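In what follows, subunit A forms one complex with subunit B and a second complex with subunit C.
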Partner chain A sequence: MTVHNLYIFDRNGTCLHYSEWNRKKQAGISKEEEYKLMYGMLFSIRSFVSKMSPLDMKDGFLAFQTSRYKLHYYETPTGVKIVMNTDLGVPNCRDVLHQIYSTLYVEYIVKNPLCPLGETLQSELFSSRLESFIRALPFFSARAG
Partner chain B sequence: MSRQSNRTTESKKMLWYLPFISASASMHRMNSELFTLTYGALVTQLCKDYENDEEVNKQLDKMGYNIGVRLIEDFLARSSVGRCHDFRETADVIAKVAFKMYLGITPSVTNWSPAGDEFSLILESNPLVDFVELPDNHSTLVYSNLLCGVLRGALEMVQMAVDVRFAQDTLRGDNVTEIRMKFIKRIEENLPAGDE
Partner chain C sequence: MAIFSVYVVNKAGGLIYQYDNYVPRAEAEKTFSFPLDLVLKIHDEKAVVSFGQRDGIRVGHAVLSINGVDVNGKHTADGKEIIEYLKDSTNYPVSIRFGRARLSSNEKLMLASMFHSLFAIGSQLSPEVGSSGIEMLETDTFKLHCFQTLTGIKFIVMADPRQAGIDALLRKIYEIYSDFALKNPFYSLEMPIRCELFDQNLKSSLEIAEKAGTFGPGS
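Moving on to the complex of A and B:
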């Protein structure tokens, strides 16, 4: 099992943070274009899911998977979106993504008045904490994958 | 002995875990007097810096707004409150969860407008004014106006444009302190410009 990469978007579609671990294939476009493409797709999936759902939804879009990877999605009511790609063996990650929001993003970015909101995150502290958080996840290791 | 060493490695391994309740959660329980007095010093300084009360009110509101847009993230991270589906639910969350969490009080929600887009928060006690007496020459000062800004800023971040103002204030001789909230509109999310 493994974690491939992680995106954090804000409510306006700005990519606040990106990091990757076991990504074997790159998109072949610039990172900026990749972020836009990713956000555009997420935005469309959200509206698609809410229109197509035959019932009132609680959480909306949660995840999708292809033959090779799984995309986990978490959105806060303020519109912060955390997206993590893993391999197929990884179970529901909502708690993990919520934890990234509540113990990392809120603690090191929102509570740091010198971190402007709505821009790419520059905080070293945040990046290093996120790095160690992800590396310590039980499903991080690439061995079983 | 071996058990002892075992425990230390375990705690070392756990070092990077943050407490699930954030640091500020225990902070405000620690000393609300410090908060009240700091707020008092802030208002005093603003009154010195600006000639008229209107301007002080405006500055307090602006500062509150800036606090609110950040505070909402802390609030959502610590409470497991999801998106509210109507204004009544919002009112309940504000009064019963948010005020309780940050100020230790639970205002009552009353005076609903027939359309359900307007309500009042009645504060039995206002921790911000614990040691305050308004001098006569500040009759138009809305001492706790920071709260209005906080509410407005926080709600704006969850796509709600709301008008917030003090309708009554015990500091100015009213029987109760009343914050009036009026729902203006839902802020729509847009796809950022430049996308196909």
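Moving on to the complex of A and C:
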């Protein structure tokens, strides 16, 4: 089991943070393009899911999986979106993503007056805390290679 | 009952078959006196609640019928605009039924091709080599399972998140498609499936799959 990468978007689609751990394949486009494609996909999935749902939704879209990876999604009421790609063995990650938001993003970004909201995050403290948080996850184990 | 619907999408992203197996009812009917204490607005050619959620009427619900007569999009059965009709105090008291709007066939076509593109983007953004597109999409109200054949046809089943055995069902639907659509001499490839035997067999295997994937009583 492993974590491949993590994206944080704000409500306008700006990629606030990106980090990767065990990523085997790049999308073949520039990072900026990739963020836009990812945000666009999530935006469409959200609208797709809300139209397709047979009942009223509370949390909405949670995750999708392909044959090789699983994408976990968490959105706050303010529109901050946290996306984590893991391998298929990882169970529901909603709590983990919520924790990233409440114990890292809120604590080190929202409460930091020097971090402007709505721009790429420059905070080293946040990056290093996030890094150690992800590495400490029970399903994070770096595979050889 | 926990399999909601089945979609078949051809390799170009066109919807060639759709069947609603079970549509849960989430509707609320209430009698209102003038003035109406809900704010309605027109969204996607429907009169939708935009403010004033209460008594099981939720924001996003559409007007389904007025005084027991079904409405037609944003118009009442006799052709008046719903919003204008509800502004007129002489029409009160009025009984309105609200609920989630049913998808029109045009919307189903659009959503099917939308999924076709999402499927492709899902594989492009993969962090691992050799990934397929979206095979399972999970939300809190349903799970969407997709099986793409080697020839590019997608079979999509929407089911309750707790329903088991959908992978086997998808392969069974492929088998039914091969047996009763492809082998039908009157069926032309990539075109909408209108085969009686396909319908019958699909319905019976949906029933079997619902019964086999048991998840305890009461659900």
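Structural remarks
Everything that follows uses one rule, which is that the second predicted complex is superposed on the first by the 141 of 145 C-alpha atoms of A that agree within 3 Å, B and C clash if a C-alpha of one lies under 4 Å from a C-alpha of the other, contacts with A are read in each partner's own complex, and residues count from 1 in each chain.
Going forward, a contact is a pair of C-beta atoms (placed from the backbone, for glycine too) under 8 Å apart; a residue touches a chain by one contact, two chains touch by 3 or more.
Everything numeric in this text was worked out from a predicted model, so none of it was measured.
After superposition onto subunit A, the modelled positions of subunit B and subunit C are compatible, with room for both.
Contacts of A:Ala27 after superposition on the shared chain: subunit C is touched, whereas subunit B is not. Shared-chain residue A:Pro116: touches no atom of subunit B or subunit C. Measured by the number of subunit A residues touched, the leading partner among subunit B and subunit C is C. In the superposition on chain A, contact of A:Gly89 is made with neither subunit B nor subunit C.
When the two structures are aligned on the shared chain, A:Met52 is found in touch with subunit C, with no touch to subunit B.
In the superposition on chain A, contact is made by A:Leu62 with subunit C only, not with subunit B.
In the superposition on chain A, A:His4 contacts subunit C only, with no contact to subunit B. With chain A used as the common frame, subunit B approaches subunit C to a shortest CA-CA distance of 5 Å.
Residues 40, 58-59 of subunit A lie in contact with subunit B in one complex and with subunit C in the other. By the touch criterion stated above, subunit A contacts subunit B in their complex at residues 11-14, 36, 39-40, 43, 58-59, 76-80, 101-107, 110-111, 117, 129, 132-133, 136. Residues 16-18, 20, 22-24, 69-70, 72-74, 76-78, 81-84, 157-159, 189, 191-192, 194-196 of subunit B are the ones touching subunit A in the complex. Here subunit A touches subunit C in the complex through residues 4-5, 20, 22-25, 27-28, 34, 37-38, 40-41, 44-45, 48-49, 51-69, 71, 85, 87, going by the rule given at the top.
Chain contact summary for the complex, subunit C toward subunit A: residues 4-5, 23-24, 26, 58, 60, 100, 103, 107, 111, 114-115, 117-118, 121-142, 144, 158.
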